[in-house]
Amino acid sequence: VVPALSELLARFRAVRARTTALAAPLSAEDQVVQPMADASPIKWHLAHTTWFFEAIVLGRDGAAAFDAAFGFLFNSYYEAIGSRVARPDRGRLTRPSLEIVHRYREAIDRQIERALVEGALDAPALSRLELGLHHEQQHQELILTDAKVTLGMQPLRPAYRDDLAAASAPAAAPPAPGWCAYPGGLVEIGAIAKGFAFDNERPRHRVYVAPYQLAVLPIRNSDVLAFVADGGYGEPRLWLADGWAAAREHGWELPMYWARQDGGFVQYGLGGVRPVVADEPACHLSYYEVDAIARWLGARLPTEAEWELAAAVTGGADLGHFADTDRLHPAAAPAGGEGPVQLFGDVWEWTASSYGPYPGFRPLSGALAEYNGKFMSGQQVLRGGSCLTPRDHIRATYRNFFPPPARWQMTGARIARDA
Amino acid sequence: VVPALSELLARFRAVRARTTALAAPLSAEDQVVQPMADASPIKWHLAHTTWFFEAIVLGRDGAAAFDAAFGFLFNSYYEAIGSRVARPDRGRLTRPSLEIVHRYREAIDRQIERALVEGALDAPALSRLELGLHHEQQHQELILTDAKVTLGMQPLRPAYRDDLAAASAPAAAPPAPGWCAYPGGLVEIGAIAKGFAFDNERPRHRVYVAPYQLAVLPIRNSDVLAFVADGGYGEPRLWLADGWAAAREHGWELPMYWARQDGGFVQYGLGGVRPVVADEPACHLSYYEVDAIARWLGARLPTEAEWELAAAVTGGADLGHFADTDRLHPAAAPAGGEGPVQLFGDVWEWTASSYGPYPGFRPLSGALAEYNGKFMSGQQVLRGGSCLTPRDHIRATYRNFFPPPARWQMTGARIARDA
Amino acid sequence: VVPALSELLARFRAVRARTTALAAPLSAEDQVVQPMADASPIKWHLAHTTWFFEAIVLGRDGAAAFDAAFGFLFNSYYEAIGSRVARPDRGRLTRPSLEIVHRYREAIDRQIERALVEGALDAPALSRLELGLHHEQQHQELILTDAKVTLGMQPLRPAYRDDLAAASAPAAAPPAPGWCAYPGGLVEIGAIAKGFAFDNERPRHRVYVAPYQLAVLPIRNSDVLAFVADGGYGEPRLWLADGWAAAREHGWELPMYWARQDGGFVQYGLGGVRPVVADEPACHLSYYEVDAIARWLGARLPTEAEWELAAAVTGGADLGHFADTDRLHPAAAPAGGEGPVQLFGDVWEWTASSYGPYPGFRPLSGALAEYNGKFMSGQQVLRGGSCLTPRDHIRATYRNFFPPPARWQMTGARIARDA
Amino acid sequence: VVPALSELLARFRAVRARTTALAAPLSAEDQVVQPMADASPIKWHLAHTTWFFEAIVLGRDGAAAFDAAFGFLFNSYYEAIGSRVARPDRGRLTRPSLEIVHRYREAIDRQIERALVEGALDAPALSRLELGLHHEQQHQELILTDAKVTLGMQPLRPAYRDDLAAASAPAAAPPAPGWCAYPGGLVEIGAIAKGFAFDNERPRHRVYVAPYQLAVLPIRNSDVLAFVADGGYGEPRLWLADGWAAAREHGWELPMYWARQDGGFVQYGLGGVRPVVADEPACHLSYYEVDAIARWLGARLPTEAEWELAAAVTGGADLGHFADTDRLHPAAAPAGGEGPVQLFGDVWEWTASSYGPYPGFRPLSGALAEYNGKFMSGQQVLRGGSCLTPRDHIRATYRNFFPPPARWQMTGARIARDA
């Protein structure tokens, strides 16, 4: 079902404007550097999302493009489309300037809007446009996580914004830690054929799930503090072999962005450095860390099917905090109901499932075949979105994925156990 | 059910003698070097398997041990037991000498045999003894694969044995390539509670499998030759992103041990360098390569459940070639029957399943908890054993695992497709 | 002899203004990135040279400093003064902003000027001020070479300035290639005790030099083109062992910034990409390359004593081109006289001398002991300055030094031979 | 002057037999492994020195060779002769076996002896034979240093020989620490044209040396112990920048082979682990370490000219200990005389001179041009030989060279100061 033109136009404008707004608190200097190979410069995100509309949606390249060189500069990983700047070299691109990238955005926005108004986009193009908007929302979250690395990994640790809300008011009746039981059985997961979903969420398919329990709350800072106090970072028997090796190699002794200070712990957030708050969901943890913490808690991580079943049952009554607020940091749980809280929002939840194709998976056609499928090895599935995810971007079937050692995303977890 | 003492004693002696026999064609020089970090010196295998009986089965260490230093030298990865020589440094151990390692083997053999005869081993110890024998068989295969690296990666490429059979006689009625269809459904996989199995094969559990088809034959050299001829090693759209990066980094253009010669292809095997034979199962392929070849063939790799279901149905009528023969190289398919051939033997078959715990998985207790569980990330499951596996070591529920880039094992695959 | 106050004040202002002017053609984005570990961001140069005046000349740090954090951010390598940002991490510093760095420059300039006017600087402080000006001139050259890497190593290869002179008019009577003979003998080199010189130029001392000849002209692009055409980059017998290894590791087949285009050769310069001009002095060559080219020419590199003797004799009549012009690129030789031309300017000339202390060398006292002495291993001496060196910064006794593989500086050479 | 045939034959046999004898205490396992990239397997030394006589002296290769493959296997670094096993891969060569290498030695020995007896070697070939004997003596020292790494870097730290003398009797009248003064002046260093010397020792040439003093004794363990006690390994101001970086990278806190034990210090030697003896010359120190120790002592390292002048004056009256004894470890100074003691023997002495060509240096012709010349960058000159050097191999003009971080050779130093 293709949405009405006016609605689509409005959404296009809103999503594009939101991206620009997210970059606005950053200086041109902040937007050009690449603080580590995994993260990209903010300016690059601004240009790459625009290139996606130009090259993938409108199909313009070479002489027809805004600038013939931009295909090389701003293609992320589409081998089918051509060669490109190596990922770790994105931080070299002082040119084009931020100002020209903004002009690029405006020019392509006008082209897309004109094409929409003139009805020049056929159904496949409209599908690609839809994908382009979801793609842009993915990069909105990356703009925030990558700005966080840029600012938080330099000595002065400046805030991204000084006006972010410091902390949410604690819930009057906060949910108690505990477990929710699920019967499992022969069930279905994955996105139905209708409506937008990424190719990796499809097809909806049967899976057998044994009875299980899922924690009401995600792993919180209080859990991490207790794990640290108990020497968990130094006890190899709690860790996967690869995790123990990674922790040694990188010298992990605390979550990313944490530091000891005055006998306590502080953490850098987009609002600056502040004390670690025990009740907040823990984040900036690698898969290896949450796996070890879960084991130390006498539990395990859920599979993605277990997670999705729980999310489907609760029907969205368990929302946490999203990027639509002015906090941009995980917050303590709101008042709870019957089921688990904060399944959506606050922190992405690592699952025990490695990222692979669903039975019957079919990648998109053409260059878009590379959108998701080629990353289906060496990564773990994460679910639920985070405090940096737009509320209307996430859904129960959504599959995010990162390599197990990744820590710069808003990543935490929720524990599970067999029934 | 504990086997009768005499039977156990005979098995113990047979397995231990087999290990010694496998090392016998190698000189002391061949047995001490470590040709790459992943492979271990043959002498180390001889000593480590013995240490397993001494430390894990008999529980002797320190002053009670044959040599107090051997715990440090020959512990492989048991953090619970103590520190040890770093894996890449195993090739430094010119001392103890091979002769002393043989004396070590004999001494521990006598201790084990005496303990058996005297009834000094209680039930848990007998279980650990059983595990020790399966562990030793795993190292028997590693002795052959690591000897292959030692000999095959040096310029003279000497044969491991000059008397190995050159080629099996072609089957009178070789099976035709094609597909076997399976209905799938809500089925069970994994080892039942009774009898020996590794902890990672348990518990037997339900899984839903959609209808699928499995190739009658494993991927053969003829498939690889066609893939090479078609430029498959140079076409990024066929590869997983990690696979493409690995192929570039390591310069993969052919399977390991292959070389171009006189317009054709040769491959190094334990019997020396010989031409590539089209009908033989292809091996020394990484997961990334078989994944790309499967995609090029318009198919995919099976999950481990799909593989195990097929293996369970055929009931072992589809045996290939094992280490019990005097060939030690994959061979063309024997005469076929109804189902897939060579599911067992010839080459380990990479599956699409990443290696993780089965629902309800419980690791062994004590130090043996590290036997399998801590490796459950970043690896893929392989099934079926190879031409270097002892026939009585493999079974339908057996789960082997290696990282996706590994190529020095006898690794190939079999393709599958949706029904 | 301390210069008159007004002269010193004028020089201070001129040098500081020149630095700011050199950075002016670059955007804030251009000035913040670090294109490789050896090069530093332009903004960092602006701040570091200012920190030198603040911390080393005025001795202000901590609470007395413009900003207490700047000591950590902008100390280059003075262990005696404290810890600092690791060199390869200088490109992370999006903060302080370029604007604040300019304010920092202005504030310290006012402090220095006031101290001068008020006579608050004693003789040692005035000596450090003198050093600070020479130090700043060193960074003026680095600003240009590092801007060149920043701009020239990104895909669009923008010019630093579009108004740079394209080429000097060829000399009416260009000097002919050939040799100048020198008798050598027991001579003196090094700076006399009076007047400014770096510590590494002192003391003036005796050295015996055998009779030798020095080329009239530096190695020119025509020499490099012939070396390339003759396969010099692929002939190991022409190279030092370390040089051959470096050439293989980095894939050197041409000087840095060169590329093949349309059957010919182009090179990137601060004015953009232009054809390689045969008569211009060759630059962006490592020590290994000029050593190989010299050997291929049947000659050798001169020692620093041989170079200095020749430079002392000519008395400066052989000037080439400096950063004071609007060309910023080596130029063909001007009309020659009796001796070698372009000893000074155009390209730094690698010598056969490794960088070490002169007999009787005494480092400066305090933190400045680290200025030169601790780098006296693993580097080669270069002489004569380049087209990016301020004319009044260079002298016959000046010793520059870089590691043998360095190529991003304006480095070439002049050949010598035994008489 | 060519020595008499019978004398040459006797020397050839003696040198060759000495090499075999040095390897004899080691097992075949000890002789095949390569404990680190810089060191070579002992078997490789046995074969390479033989290949030198076969390929370089007799000029036999390909079909004329003992084995056509040995040129590839045992060429060290002669690009002119052809490709070869990469240096770090020498430890892969389990084949040819040690036994075959011994047969190779015997076969080439017979060929050389026959050629000598039959007068089949012309003057150039006899010169190459002479070089081959000195070359073999160089490898005799390497056999000992590389065996030391092989044995000393593995956990059991076995002795090379159990019958080595534990310690020399202390001298009745040991020389007192102090300085010897030298007037310097315009002097000559280097080998005269007559007699054997390596090409890098020639030509003898003039050099001006300012008046200086040289320590009577080399740096001793007592100096190192005091440096350690004073925190010298942790004080950056004592170190060259490259040295400080190397010390951090490798975690240097003591000389190589040293360890703390029971509140004191022990060191591994070819006779096993024994306490550090204060009066013995210190060894297994990198250039960076002796440079730092010299600075801490308020002194500096001598140049190679300063060292050679002193050695020439003393005329050999100051001999230390050589490989001809049954100790193979530095020993305390014997009774002294007028000048410095132990200039020759005990430990190689790092000098402040980087390794480069003497004025007028001419490499040998043909493949032998690569013998010394191509290593003339990035290394420091060492003088005097060590306790592992054959007494008749060393001389005052002898120039050894290693990269500054090397520690596995018998390297120490002697301090100097300006007069």
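Going by the order they are written in, the chains are A, B, C and D; count residues from 1 in each one.
By our rule, a contact is a pair of C-beta atoms (placed from the backbone, for glycine too) under 8 Å apart; a residue touches a chain by one contact, two chains touch by 3 or more.
Computed from a prediction, not measured in an experiment: that's the story for all the values here.
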{"item": "Chains contacting each of chain A and chain B, listed by label", "value": "none"}
{"item": "Geometric centre distance via CA averages, chain D-chain B, whole Å", "value": "47"}
{"item": "Whole-Å gap between the CA centroids of chain B and chain C", "value": "59"}
{"item": "Averaged-CA centre spacing for the pair chain D and chain C, given as whole angstrom", "value": "38"}
{"item": "Chain A residues counted as touching two or more neighbouring chains", "value": "none"}
{"item": "Topology of the chain contact graph, where touching chains are joined (line, ring, star, complete, other)", "value": "ring"}
{"item": "Every chain pair meeting the contact rule", "value": "A-B, A-C, B-D, C-D"}
{"item": "Chain A partner contacts - residues on chain B that touch it in the complex", "value": "77, 79-80, 186, 205-208, 210, 236-237, 239-244, 287-288, 291, 300, 352-354, 356-357, 359-360, 369-370, 374-378, 404, 418"}
{"item": "Chain A contact footprint on chain C (complex, rising order)", "value": "27-33, 35, 43, 69, 72-73, 85, 91-98, 150-151, 153-156, 158"}
